[in-house]
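Both of the next two complexes hold subunit A, though its partner changes from subunit B to subunit C.
Take a look at the complex of A and B:
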């Protein structure tokens, strides 16, 4: 009889333990959210990067496709050269530290994107110039906190709430749906200081490139607009290549 | 008899001078005040029509619903066909003008072409380059361009003078516009500053620029497209008629939407608006008319009150005369008619004098005006900084009618006291007097 009670007692503990494992966030015990963020950044970022891509902008009425080549060095330098369509061909954008310049062949001028202009739509897309300026490593700009686990497209994800370290950041809070196994982000939401949802980004079709996983396309949605979306297709991507310094000089902003 | 009454009136100041002064002051105040109010109000309507809404506006509904965002992609295509349809179906008195409202960032370069300063601007594209364009006259560009000149070549821009001061612009400077094309792309173009314009509305002087319609269509890739068709009616058409004119255009609109010009987008749905449907002007007009009516009533009431009392005092003073006239066979009615005629004559003279004084003040306000400066800018209304009076026949009528009515009504009410008395009583009062 006594043994029976012992068995029942241990049985209950076992059931409770199994229940606890099932209901607790996946790997929550062993995964440090900030550490996961660093690993995600390590996957996405490299010293240098070159992308040939397309921005497909759907404003709800028309769809436009812009062909663009981008060179990036770290998080502070990037240069984009628009190749198509004819009207946008030759437009260039240069980011150096926290400044952004635009060059258009129509004006043959270097225009500093600052102040009001930063919040404007970039080339009519769902991204703003500010988005481009604040494109940086999440682990450096935000601290992470695990909110919950959630199934997203059949994948168990950790929902991390990121809080900006710098109080002047446009997006004071971000929320990411991270796959802890593959160290990738499947979805991101960006919020204003007031808590209003401003942007949503879906990362689609991850593919292996070297020892990394990179999305084939990213879908940006400006949540303040109706029926619009911008899809960034990464047609070709190279990591850790040597980029000549001229690409990150103001002198490149000319015909 | 007439001579006798005239002599009596002239010799007895309480019968002539006092009521004359009361009517003159009342009419002068009414004419002056209403003239000033009419001036401010009609100035607001004129200004709003010229710079913003027209008297009648034909606009794409999706654009109108989001016009605070200046959604260029909601502009209306088929410029020529639309104009032909408007001319055919609109009131023949309407003069139609195509315009493009746009918003952009204006970037000013330094000598090396680097950004020196930049600011968001609100722009209007109108037919500027054609010297015969009615827009030039409508916007009074000859008088409004205070420095430089009206654009005579393509890619020239007129800048609000306060905006120019803020950006430290000089004539001939380059200004780069950065905005959105019709299909949402990036629009950038260089313009040359040809002049500084004073719109007379502080908000516009600080934010607005004007370019030619053709240039805007080129910069924003809007060939054969405009955001607005503004219809302008002659001054002789009262704003009360705008609704009927609008409805007449609306009658044919359903057929046009069903069978639209081929350049229109599938979800294009133009609407017709009168100026009273926009900027809350309809409500403002109702309030304005109410206030104007109350003012006329108050002044009329005060004049009646004063003249009634004057008439009473005057009547008592003239009891003897009334008794005598009744005793000599004049009827009560004839006596009252004579008093009313007297009051009418004094009222007419007073009203004329009041019109002269009030009219002079309004004329002065009309020609010189009062500079309200930034006080009006804070109101958010499209009112010229220099508010002006408006001299009109209606204004005089609105002063004369209550002035003369008050004079006659005051006299008649006062004369009731005489009407109710018998000849015997009046005679006794004469003897006592």
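Take a look at the complex of A and C:
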């Protein structure tokens, strides 16, 4: 009988310990959230990047697939060239610092996307042009605070609340579900100042490329809309390649 | 004697004269109706613009143009000192921002208009906002125009997400509650516009004390940092449209007059042709060609004068009836014209007199032109009815 009580007692301690391991900010004392953010950025970002991908836009009524090639240099320069479907073929988008130009072969004109236009949906997707401009290193724009740990798709993640360093950032608060072991983000949520959830991004199917881990697809959801989602498939990705300067010049915005 | 003869001739022609008189009378009525209807339309459009939006002009932030929404979002400034002391009956402070509404979880770009709720300069049906609290709770109270509510499928009491950016560029979103769906007599402040209290809009966009424009009852002179937009400037597009409409009405007016002229001209040609023997007899009896021309012309003038009397007899009751029922143009409000439901005639005496005189003048001319050939007639040929073949 006494042995039984001892067994029960140790069993409870064991259960409590396991529970504590799962729910408490595991390793929180060793993990600096800001440091983790830097490591996540280091994994995701490189000096230059080239991506061949597909944007699959599901607006609830029909699904469209856009083929796109993108060249990126740092966080301030990016050039996208849409290859398909026929209707979008030849459309080009150039981001330089905090300006965004759009070129459509139908009009043969380049348009500076500014002001209210920035908040419009990009090519009918769940991303706005503003989201394109916001593509930047999280560690530079936000400070991180550990909120909790959470199991996401069977992976133990740290939920970090990111607060913008300055009040000009579009999203003042973000939340990321980070895998501290692999230094990757599995989910991101973007919030309005009021705390209302606006966007959700799921990072799926990480694969190894060189010494990095990169998601095979990213699923964007505008949480204010119903039944819509945009999936960005990364079919081919190259890091640290040499990109000719002409890709980041306004002169490229022509037929 | 000629007058007596002309009158008797006119009566003797019976139905032909009556038709001439009636056609001319109806044309006079139609011309006055068209001109007065346009006047009524113009007056209502300008009045609606003035009472709901323009007032006596706007003091605007320089560079602001409502038709370029991609550029004006950050064109706001604190209310200038010179306008702060004006009473609420003489100014209306307005802040305009961009927003996105998500009715039924669809994106609907909107213009957020915050207006000082104590103002009484502009006639806007926003009294439900006045009763609300100054602090923003879980929802922001808003008022929509009928057209806007219809397009967004929203009704009173509905709650819907509104997204906007604050002064610094940060995106924010909150639920708004539709407190009222109000009839706006000016579609320009209805479609795509979400009305809210100025203090609320300032608070959510962090633009404390700022405005996009201040509508004033009358100009108060130059104000530093702001530019004054006159009523003519603010209504320039509408005035241009109305100017084109007036030109189109003139074309209609011309056709109607031409129709009346052709009718009289035709009658006179027929008269001269059919009354050759009468003309020959008059000549044989010693009447000069000039007197015969005068006789025929007088018949035309009498037709025109009788048409004026007929126009008055038929037109006045018609106009009185019309002013009671109006003309339904509710379909036009969807095209952006600041008019709603019905318009009424705005009859201007000067226009009536002018139009009538021109019509009579044309009638007289058309009566005289065909009978000139009487002067060339041989009395003997005319007596046998062979002078004109």
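Going forward, the second predicted complex is superposed on the first by the 232 of 255 C-alpha atoms of A that agree within 3 Å, B and C clash if a C-alpha of one lies under 4 Å from a C-alpha of the other, contacts with A are read in each partner's own complex, and residues count from 1 in each chain.
By definition in this document, a residue touches a chain if its C-beta (ideal position, glycine included) is under 8 Å from a C-beta of that chain, and two chains touch if they have at least 3 such contacts.
Predicted model only: the values in this text are computed from it and were never measured.
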Here subunit A is shared; do subunit B and subunit C fit on it together or clash? clash
Scan A:89 for contacts with subunit B and subunit C and give back first, second, both or neither. neither
Is A:124 touching anything from subunit B or subunit C once the two structures are fitted on A? First, second, both or neither. first
Quick check on the superposed pair: does A:35 touch subunit B, subunit C, both, or neither? Answer first, second, both or neither. neither
Quick one: classify A:145 as touching subunit B (first), subunit C (second), both or neither. neither
Check whether A:59 is in contact with subunit B, with subunit C, with both or with neither, and answer first, second, both or neither. first
Taking the superposition as given, does A:181 touch the first partner, subunit B, the second, subunit C, both, or neither? neither
One more residue to check, A:226. First (subunit B), second (subunit C), both or neither? second
Looking at the overlay, what does A:114 touch: subunit B (first), subunit C (second), both, or neither? both
Superposing both complexes on chain A puts subunit B into subunit C at one of 20-28, 200-208, 218-226 or 254-262, namely 200-208
Using the superposition on A, tell me which residues of subunit A are in contact with subunit B and, in the other complex, with subunit C. 114-117, 120-121
Contacting residues of subunit A [partner subunit B, same complex]: 57, 59, 61-62, 64, 87-88, 91, 102, 104, 106-112, 114-117, 120-121, 123-124
Which bits of subunit A are touching subunit C when the two form their complex? 114-117, 119-121, 130, 164, 167-172, 192-194, 196, 198, 224-226
Taking the touch rule as given, give the residues of subunit B at its contact with subunit A in the complex, in rising order. 73, 105, 107, 109, 113-115, 118-120, 176, 178, 180-181, 183-186, 188-190, 221, 265, 267
Of all residues in subunit C, which touch subunit A in the complex? 69-73, 98, 100, 102, 104-107, 109, 161, 163, 165-166, 168-174
